[in-house]
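Next come two complexes built around chain A: one with chain B, the other with chain C.
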Partner chain A sequence: MTAPQNPITRAIWDGTLPIKFSLDSAEAAELGAKVLVEPYFLEAPRCSYFPLLTSQIRKYFVDMTNMALNFIGDDAEIWYDVDGIPLKWHYPIGLLYDLHTGYRPDSNSPPPLPWPVTVHFKNFPIDKLIRAQAIDATQDFFMSMIKEADFLRNGSTKKVMNLSKNDQTQLLDGLWSSFSQKYRTENYDRFWSINYRLVTNDGQLPKHIPLRIYLPDNCPVIQEPIAPSDENGNQLTLGDVLHQILPELFPSPLPTENAFAAPVIHGVIPQLNIPILWASQNLCYPDNFLHIVVLLET
Partner chain B sequence: MSTFSPTGASANSTPAGNWQGDLLVKLLVRDRREKAFTDFVESYNSLVQKLGKFAERNTALELSEKSATEKHTNLLREVDILREQGSPSNQKKTAELEQQIQALKEELADLYKTRGQNAQRLLDMNDVLRSHEEAAKKNQEEIRRLAELNQALSAKVDLHPQAIREKEVTIQLLQDENATLQLEIGKIDERMKDLERENGQLLQRWLKKMNEEAEKMNEANQFYESALEVHAKALEFQSGVVIVDKEFTPMNNVPKSITFPEAGTGTIRTRGKDFGPVIIPTAVIKKITPHDGEIHSIASSYDGSMFATGSADKTIKIFDSTTGWSIMHVSFNNTNEMVAGASNDNAARLWHLKTGRIRLTLTGHVGKVYSARFNGDSTKVITGSHDRTIKVWDLQKGYCIRTIFSFSSCNDVVPLDDEGTTLVSGHLDNNLRFWDVRSGKDIKELTGIHLGQITSVSVSPDGAKVLTNSRDNTLKIVDLRTYDVEQTLHSDGYKTGANWARACFSPDGRYVAAGSLDGTIFYWNIQKSKLEKTTKDHIAPICGVSWSPRGGQLFSADKDRTVCIWTGGLR
Partner chain C sequence: MSSQAADLTSLGTPQPPIPPPPFNVPPAETLTPSQISQNPSLALEKYKKKDAVKVIVRFRAIGNAPILKQNLYKINASNKFQAVIQFLRRELNYKASDPLFLYINSAFSPAPDEIVANLVKCFNTDGHLIINYCTSAAWG
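Let's look at the complex of A and B:
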């Protein structure tokens, strides 16, 4: 089934972020760099994950700088941090950007772009991050998120599990190969041809909406089962959901003028009257989850 | 509402607001904002790639540059080397030169070494020279000393000729004495030869006389024979016999047999004609026990005047056959009358009857000598011994001239002729053998004639027969021409008395007498070939009988030291 030519999903799929990867200077010295190693600029898709970028980053820093660095370790040794906070590699890049920069798109200040990320080759912080085998672990995590989403929707992961091998391959390839600009359209089609079924749940109303809410300052992630419609059968809106989950921050489900918290999805602040179901279907990340970052009024 | 297609068409119609459009706008704004750097990043990445490529090229170039510089430096180095050392050929030359120098240096070192060695040797040589000089000095001293010694000795030597001269003088004197003595001896020898010649002549004359007498006697005897036969049975003779001893010097031997030498010369046995009337002696005239020991042998002299006994007491006693007194017939017996005794000490001895001294001892046998006989002319003695040899001794030379190996121990040996060129011997192995003395070989061996050892052999007076006595208690008469056994004489009661028991012919060859084990003397008549008579007086076994050539007497000896003289014949 061909993906719907929904411009919104298309726009979400195509979203990219310029990132500036710099090397920690002390580490550089340790690793034998004799000259200053210039930072590396990359345009990374919002829907991708950091481990997918690792090989290219490594290639630049180790190979292209005339072997300035003596790094012969595994890709899993490489980790990233922003302002000293290690980046969770199993979060999508867009989510991490929104969360860590805390930039309110409706503000007038210039966005922090390119996003400065520090690349580390040593001293993997085991206490803060889970070490993993780069791409395979990321893939497994991605699939487990999709299964979780399916479970939340249907109470079982039957749908995901029943996907044929071919369909799974389509799904994964579609996402993993999303890096190349050339094949972006192809990949979109490949991915969404399968994902469409998952997110629309074959016309059935999902039991719960798979969503997560992220608060700044290392707050624990909030994940609560939200039904798409209330007991009366009305569709819940985004505002309703937020009000339900975070009543202090969202005193009312309707947008007010002086709200001090705003949800950010994919770098935009959506209106609160968006039906949550539609949001979950169209605004979700590739892992079928609706990751909402709540930013406080500065 | 139940429709929730992802398309935004139906949503647009809700009155809640154009939230989709709003969303889209917001997204576009976002994109404009966030994708502002896309171009930059793209350019940047391409630059980075180019940079990378340049970096690679750079490293490659650096490497090649490094290798090029290395090569360059190598070449420079080589050039330097070449400049320094020249071309390889020059190098080789220099290397060779250096080698030569090295070799020369080594040679030089060797030469220094040899020089040092030579200096050392020179020193050693000097030492050796010094030691030699000292040795030479010592030698010179030695020479001086020896020269002095030499002088002394030569002085002594000078004295010697004088001494020698004196000695020569004495020698001369002695030689003169010797010469004179030799002349004397020569003279005496001449005299002796003359005397011997005279003697021989006298003997011949005497013999001629005797022959004449004998012929006369023979004629007379022929008459007597016939007369005697008639009276033979009834005759008994008595005559007085006086016995006289004649003792000889004791000897260390036991005579086994005694023979008298034949006094006559000439080839014909004269004994035959010499005898008196032959009658079988039957009466004992005299019985004597002259010896202390066993009597082994008894023999009468060729003329019958004497008989001798040899005994175990190591004496030979000679008796006069008529009177029995010892006689010293000096003049009568002027031929060298000797008695030969064969003895147990492996020697034969010859006594001179006149002096009674031993004339000759014949040693050489290695066994007991059982028989010793003179040959016809008394020049030789023939001995037969138990060492299985027969020896012929020359009396003049005094030693054995022939030894004949006789295969068996010889009990008795008799010459068949006067010169003693043929012998007959009787042996322990029962055989009779005939020998030729000149060749030393046996002529004939008669085996099987006796069944016991032959104890005595005697030749008949006519020389044609041989009588053998044996321990098989028989006597046999063998014809010498045909070597046949002519007669066998035996009798009941006749048993040979000893291993050396002697039997003998009567002087006329008609009878044979033998002594027996029990002491009986048996007389056989040969012509009639039967026992003629037995006489008994002895008690002990008879060891020998000897018929006197005179014919009428018989001497018998027994083992019990008794000698009997028998006579018979007409009174």
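Let's look at the complex of A and C:
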């Protein structure tokens, strides 16, 4: 089945980030690595998740060292950090990049690429990250997010629950195979032919838009029920929503007066006058949420 | 069914003390646009503040899950959902290895790091957050 043609969702699906994975040096020595271990370079899809890359990262570092003898743990014990901050494995990779680098695409400096990420085989930080029993948990977390999004749109999870077993498998398989460059179009079609029905809500106006807003400096994540239009039926824009939720940072819904804060979605600053419904349907991550990172002028 | 919500004091996971602001920060509510445009991070102080508001959660056992002595509890809105999971496990005397599944509105399982205030804002029923729990996966 092919997905409806949409150059925007396709470009987001194709978006990748070059990442430089280095083994934590103290752990490398503990695990018995005799020499300096070369980093592993990978072009990761922005829409994917770190646990989906873990098996190939593990294989690389095990092959590069004699670690196979010393690490017998589950893939779920492997975790990642950037500058000492553990990366939430249940967040999409692109969101983590935008959040942790705080890189504003309108700045004059080049983006921090490849993104330096440290790999850990030991000392899982259970106080900072959710400890999964197995790597499959990523799939459960993903499906829970899709259901949460459905609940925001419809006040129930009927649309997701009514997907046939076949449709659900196709949705997950498409996303789980998304790092395969060779079958990118096939996987896009597999995922989006099903996901299209969810994000467009079968043509019905959703009650609320599934969205989350992330601010710098460890501010708590913001999630509020946002209707797609006001009481008079006028479509709300991205600027309207940001102004409503963050009036100090967005004193006006209009672009010109908001010089110091900017929303970043998929590494891009979208225009504030796009309807929030359009943004939700076109710019959401595969988990059906519009994840908006708000960055301040540096 | 108990109609009075017990204060879930045992649930208050210790929060690190909020460090004093580096300089004299005016309350964000009174910030003028020009103050913010000169130093936008001032506005962040407001969003960082922990909400001291308490909200009411209502637990409902599903299937053969044991029933709690009471089912309404007050909880700090700034808590993560993880605190709710840990509290319920304690009340039920469940070990970490005992299977326990929590759902909102019989529909989905929020991630443990989701903030209770957000869940209440988005999914409350008459102001209460309804949490169903069971010993085997119920809604996928």
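Keep in mind that, in the parts below, the second predicted complex is superposed on the first by the 285 of 298 C-alpha atoms of A that agree within 3 Å, B and C clash if a C-alpha of one lies under 4 Å from a C-alpha of the other, contacts with A are read in each partner's own complex, and residues count from 1 in each chain.
Definition applied: contacts are C-beta pairs under 8 Å (C-beta built on N, C-alpha and C of every residue); 3 or more make two chains touch, one makes a residue touch a chain.
None of these values were measured; they are calculated from a predicted model.
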Between chain B and chain C, positioned on chain A by superposition, is the outcome a clash or a fit? fit
Applying the touch criterion given at the start, work out whether A:L296 contacts chain B, chain C, both or neither, answering first, second, both or neither. second
Check whether A:W176 is in contact with chain B, with chain C, with both or with neither, and answer first, second, both or neither. neither
Partner touching more residues of chain A, whether chain B or chain C: B
Between chain B (first) and chain C (second), which, if any, makes contact with A:F260: first, second, both or neither? second
Between chain B and chain C, whom does A:Y196 touch in the aligned arrangement: first, second, both, or neither? first
May I ask you to decide whether A:F124 touches chain B, chain C, both, or neither, giving the answer as first, second, both or neither? neither
Who does A:T157 touch here: chain B (first), chain C (second), both, or neither? second
Just checking: does A:F141 make contact with chain B only, chain C only, both, or neither of them? Give me first, second, both or neither. second
For A:P220, decide between first (touching chain B), second (touching chain C), both and neither. second
For the overlay built on chain A, what is the smallest gap between any CA atom of chain B and any CA atom of chain C, in Å? 24
In the complex formed with chain A, which residues of chain B make contact? 1-2, 4-8, 11, 16-17, 19-20, 22-24, 26-31, 33-38, 40-42, 44-45, 48-49, 51-52, 55, 58-59
The answer for chain A against chain B in the complex is residues 4, 6-9, 11-12, 14-18, 40-43, 60, 63-66, 105, 111, 113-114, 196, 199-200, 205, 235, 237, 266-271, 273-275, 277-278, 281-283
Applying the document's contact rule, which stretches of chain C touch chain A when the two form their complex? 28, 31, 33, 36-37, 40-41, 43-44, 46-48, 78, 104-105, 107-115, 117-118, 121-123, 139-140
Would you tell me which residues of chain A are touching chain C in their complex? 88, 90, 130, 140-141, 143-145, 147-148, 151-152, 156-157, 161, 208, 215-225, 246, 248-249, 251, 259-261, 296-297
